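Note that chain A is present in both complexes that follow, paired respectively with chain B and with chain C.
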Partner chain A sequence: MTPRSSTRTLRIALVALLALLVGLPTVHAQILRLTLGQMVERTDGAVIGTIIERRVTHLEETKDGPDLFFTTLVVEGEDLATGAQTKVEVSFPGGFVDDETGVWNSEAPSAEDQRLGNRIVAFWKETADMGGGFASNALYASHGGLFRAFEDRWGREVVLGRGEGYAIDHNRRLSTLRTEYRPLREEVERKRKEAGEAPR
Partner chain B sequence: MRRPPLAAATLATGVVALALAPGSSSYDLLGHTLGPLVRDVRVFNDFEDPSANDNLLPEPMFPGAVGAPLAIWKAAVEWGSALHGDGTGDPTQQDGLGSGEANFDFSWQGLASGPGGLTDNTHSSIHADDVGVLAFAEFGQGGWRIRYYENWTWDDGPGAIPAQHYDLQSCAAHELGHALGLGHSSFLTTMSAVQSGGDTSKRSLLTDDRLGVQALYGVRSALKPRVTGASWNGVTLTLTGTGFSATNNEVWFTRATPAASGQIPKVTGVPSSGSGTLITVAVPQDAGSGDVLVRVPGSSGASLSNAWPLLIGCQPIVPTCPTTANSAGPGAVLSATTSQSVAANDLVLSATGVLPGQFALAFYGSSPASQPVAGGTLCIGAPLHRLPPVQADGLGQLVVPVDLTAPPAPAATIQPGQTWHFQLWYRDPAGGAGSDFSNALAIPFCP
Partner chain C sequence: MLFLAGFLCGAALWALGWSSGGHLFEVPADDSARAHAQAAAALLGSALVLGILPRGLDGRRSSVPVLLGLTFGLAAAGLGAPMAVASGSGPGAWLLGALLLTPLALRTAPPYQPAVERPRAAALLPAALSALTLSAGTALLARGLHRALPADGADAAMTWTVFLVLACLGALVLAPVVAPERPERERLGWCAAAFPAALALGLRALAEGTRPSGLRDLLARVGLDPADAGTAAFDALLAAAVLGPAALITGTVLACARQGRAWVALGLGAALGTALAPHLPALLAEGEGPVRTGLAQALVALALASGAAALAAGPRPGRGMLAGAGAALALWASPGLLPIPRAWVRFPVDPARVVEGTAGQLWVEPAAEGAARVRLDHRALTGAGGGEELDAAVLTSSLEGGAKRVLLVGQLDLARAAALVDQGVELCDRTGTWSALMDDIPAASPDPAALLPGEVLGTSEAWRRFDEGAYDLVVVMPVRDRAARVPTRLAAQEGCRVVVWLDPGAPLARLELGEEVLLAAAGVRQFAIGVDLGARAVPGTRVPAGTPSPRPLGLERLLERPERWPSRHRAAMLERLAVACEEEPESASLAPFLEALARVHATQRPSSPFESPAEAFELDDAALAELVAAGTPLGSEPFARETLIGAAEVLVQKRRVAQLLGLFEPLSEAWGRPARLELALAAGDLEALDGERAEERLDRLDPADPRVQVLLEALEHLEDGH
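Entry: the complex of A and B
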């Protein structure tokens, strides 16, 4: 075991421990309680990838009042269902355009969770109006739609659960998550097709 | 809009604390506190769901508020340092409203005229498509703003709510916890929580929430001034309590009219008597019914008292009993225009939907009732006091001016502070019973 992998393993263990403890005994936000199936029904897709860009949009005057801020993360990786290469933008309310200008939002992912270079699973929903007319792919349920991923000591990618009530409640190997996610997504897409909705 | 210090939620810190001391606490501190003068809470009441504003039952401890503002006001006082008045107002909280026991109290400022900016300390709704979030709190430089997504069905209670509705009071209590500096708790408390539909349990602070607000602002100081009573005689307010300063107290009121943001109506330089137990002060022009607080010289949360309810003017008129259909349509509807002031003597009852050209009698009594009589419901208990008969016009409308100085009997004299119930009886020859009743109104009277 190299020193580097030892540090990484320790970090994974710590984060996993924290995630486990966070999961006791309930969930943590003014967001919807969702199973993975409900999350899939309410969203248009999910990506496993790396945050390669983060930017913040400031809307000064809107139909919904002044000073709305939205953070957009660009995630490059693979579609969680198909494995196809993809680059997805996901947005959530809150953020700072610079040190002086912005707002902290209670339900946004933590600063640690939205850092550039993080490996994440993000559930997104194409949204015409996230407030103030801002159109983007919403990071669905804000911080409840973002899950960190790490490699374990054997090099397998593990997605960290956030506790009961979150779409990914407990830690899962990425491969397991894909296996659970794919049929759920296919079923939703089949139903949408039957209902005559445009493919997304 | 400066980034608050340590703005990022320090979730991990809270969790480590949990790991070290299992079973103790798991509140999370966001890294900001509100300055000692930032205590105002106001509501821009743009909630669109009828269920968000259908609680019209006035609460004595929340004078002048109904609907969504009432629900949010209750959420704010639950964080307070001591019971709000006698603590009543929420049928779901047996331990009373006012559970924080910290050096922290919000100052209810009534209605806002808009959603306001990031530091205007307002609650309002926001229109957006479903993004999986119910509500959020924003924190800017020295203030906050709370928004509720309008795509959910909000409910103002006051009791249990349908499973498809989301409880405004629970959500407000949670978001106000963020506003004052708390993050998400890993215990099942106000600050935890997915709020499931129909769930009202997050209205009431639990130990973990209380420990959180105490960690931020300190456990309620023995020196913190305490208001235990407030009475207004039409001009002067008398406050009783403990810990008032001999000189230079500030008395904080609730603003009477909606404001975009702004100043808390205050009277400064107020002395006390009785060794700091009594304050008398003239109520300022811009103050209305709401809460009153006393601030003694000092710069901490311990300088500001608890919030105590204060009625200026009258409680609103309340419909107590629905009308019943008559032979001509859905029934007679009684309404009242009045300042509710006994001195002003300006009560006028009016009705629509009466049978055209038929005689009617308005009457009143001191207690409500519900008894089928003739073609409708008698909604007032005996003894009943009759006003002079009137005749409806060709459209089935009528007006009954009420002269408070000429009551029909000595026992029917209307005094300030009393609530009287009014209803209309009218002839309906084509109806099977020959007569019918309107709805009834409970009208509180003031000086």
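Entry: the complex of A and C
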């Protein structure tokens, strides 16, 4: 590879990385732009855990049209607010039931995001009808509600941000995220209680 | 006997009529005129054999056994055998030779009296002319159809098998109802009168099938999807729609021709028509602006000509009306052929230029930064497989050691010209079977030819200059998904390097590639196979070529969508090379690496079209770990080095930080911390919020490097608390 072509390739990747780290608007979200606070207000919860199962549901004939597909990720881990052990199923439109039957969705999390064994933070909202009568905990804002995490060389978890416009815009340690998230969640629950709504 | 003769003719037709690559300059793209001429020779040979069989078609015997034999023979050769890749000098010629000797053997039998009086040759002239127009029209319809399908021959085999099946149907069902009590000549005249309608209906179906909306409507009738393009059912449906009318008429004609002489006349006409077919669109191409095509015009002209030929068989009012109606239908169908390349394109690009020539249809798409992407019959001639990066790797490998005068067999674009100039090339002539169309490609800005002097040469002139020793290097650029026969011996001038590059996403594992091959990589996703033919060796990673594999069979390929095959072909080729390396002590160290890389490619799956190339490339954890382990001792081997550094860069783009740092930190240390690998690791450190370690790495690199500057800026932001 010539220096010119290697420069161009890696430079693209590194500029993208720079954007994610500093929150520069080089990645324009095609979905709803949200801050972390707005995400917390609109969702019922968040989980930090491992994807242990992945399945796709095919609804052949529905009131909303034929052939709807939904992918469900089963995440086993902890509630991001309370730290309690939990197992949550989160769903989003799109997916394939076999090699040839299914649909691609431009806003779905990438295949890389959905790998079994990934550690993720997922924001979800209980939804009675995601389409075609399919009920599940919707992954809020599709790929904008899922953020991968990994362990650094000291065993601390780092959550990967997605850039400006996303609820987690830049990379941060999980401990930092929890510190930010918990008061936001408590505030939301407090407001709901005052409004007479049942707690989530 | 008739069935057997038909069977052998069918196999010969396929072996001679479909071939990929005839000589060095045909590796990127076939010479269409040569390929059609070969098919024409096979048609004529088959007709001669069947027509002069002493106990053959004598008026009492039916042509149906012959047609059935043709169908099974072609299907067996095209679908049931390894996909044919040999040129026409291969098995087809042997079969035809054997067939031509058959009548001599049969002459030992007692004299044979034919059942009916044989017609005079002149009386068969209208039949021959009609056959000429029908075969030319059928060949053009097939050409338009094959542009939308993969180029490895399996789809062509399915297309022609369907054609022959429908021809058999025509012979069985339609022939008995075409003026059954009338003489042969009159029956042939009625069939010929239907030719214009058959071509018109085929043209209409082709026009509809090449539009996304029309294709979807057609496929929806049988529950198929445009994503099934290239599978058996899809190919059969389109072949039936486009070639069906012509096939039915062909079978009817052959069944009505109950005389050997009639078969010979029809065969002669069909051979001439087939040989003429590729030249007609170029002659009749018209259009203002950037689009100048002639396929539809040629089909209309043929429909009109076939109507005239039918009338020449003798004036009959009914026949005249039928021919006239067909011609009118052809005129109505003619505006149809918009040059749409594929059934489903995520972001269609309006072409800058579309030109029809003997070599095929040249299609030029504007691309970023002034570069143009060039396709021939919808096959990309530039940016094969991995695009510009692979081209650069291929040219760098070819030019190692220096060369000033180069003959490029392929399409020169801006990226290739820049790569050549970077390597010190001063003159670059270009050639290829489409050289007559190269001047029709609009100049990009800047024009590649302005960067690098050189001429566009026809293949004859290019051969002449090559024989005179005018070049230091002849390089054949890889074309995506194309597996053409490669000459394994070549008489090159002393001091001249000749290297042919092939895309391993095509079924290369079944090719004969000589003793050794070269490997050139552009990252982990793309690599190319090189065959070194020159008098002077090309340096680079060399491995034993191994023995050809008989898989996949044609039908095997058709049973799954074509998008699944490139990665399988890559895996198969790597496995072949790995096995060959194990048997050679000098190359044995590469075997585990090639096996591991084969496993990486074998795990690839179709990905969302909304993902980037790096996101779409699967890097299975176990396969990657194995690849790194096998590659660690190979730090001085260019192919392994480039592949593994590319893998690290893909992990950066995938943001698999833990794996990047865990696997590649030890590798970088073992290899003396190469700059590109350290950059990737520094990016990983920044993702992990480990500014200290990132800074340590970046301090060892050249601060003037723009890539380093980008990361230093990111480090600054990290330290500022963002």
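As a working rule, the second predicted complex is superposed on the first by the 173 of 200 C-alpha atoms of A that agree within 3 Å, B and C clash if a C-alpha of one lies under 4 Å from a C-alpha of the other, contacts with A are read in each partner's own complex, and residues count from 1 in each chain.
One rule holds in what follows: contacts are C-beta pairs under 8 Å (C-beta built on N, C-alpha and C of every residue); 3 or more make two chains touch, one makes a residue touch a chain.
None of these values were measured; they are calculated from a predicted model.
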Partner chain(s) touched by A:R173 [first = chain B, second = chain C, both, neither]: second
Contacts of A:L160 with chain B and chain C, given as first, second, both or neither: second
First, second, both or neither for A:S106, with chain B first and chain C second: both
Touched partner set for A:E151, first chain B, second chain C, both or neither: second
In the superposition, chain B vs chain C on chain A residues touched: B
Touched partner set for A:Y140, first chain B, second chain C, both or neither: first
Touching partner for A:G65 - first (chain B), second (chain C), both, neither: first
Footprint overlap on chain A, comparing chain B with chain C: 17-18, 21-23, 99-100, 104-106, 108, 110-112
Sites on chain B touched by chain A in the complex: 1-4, 7-9, 11-12, 15-16, 18-19, 30, 32, 114-118, 124, 126-140, 145, 147, 171, 174-175, 178, 183-188, 192-196
Chain A residues touching chain B - in the complex, by the definition given at the top: 17-18, 21-34, 42, 63-67, 92-94, 96, 99-108, 110-112, 125, 127-131, 138, 140-142, 144-145, 163, 165
Complex contact set, residues of chain A against chain C: 1-2, 4-7, 9-11, 13-18, 21-23, 99-100, 104-106, 108, 110-112, 148, 150-153, 158, 160, 170-173
Contacting residues of chain C [partner chain A, same complex]: 227, 388-389, 392-393, 396, 418-419, 422, 522-523, 561, 564, 605-611, 614-616, 618, 642, 649, 652-658, 661, 676, 679-680, 683, 686-690, 705-707, 710-711, 713-714, 717-718, 722
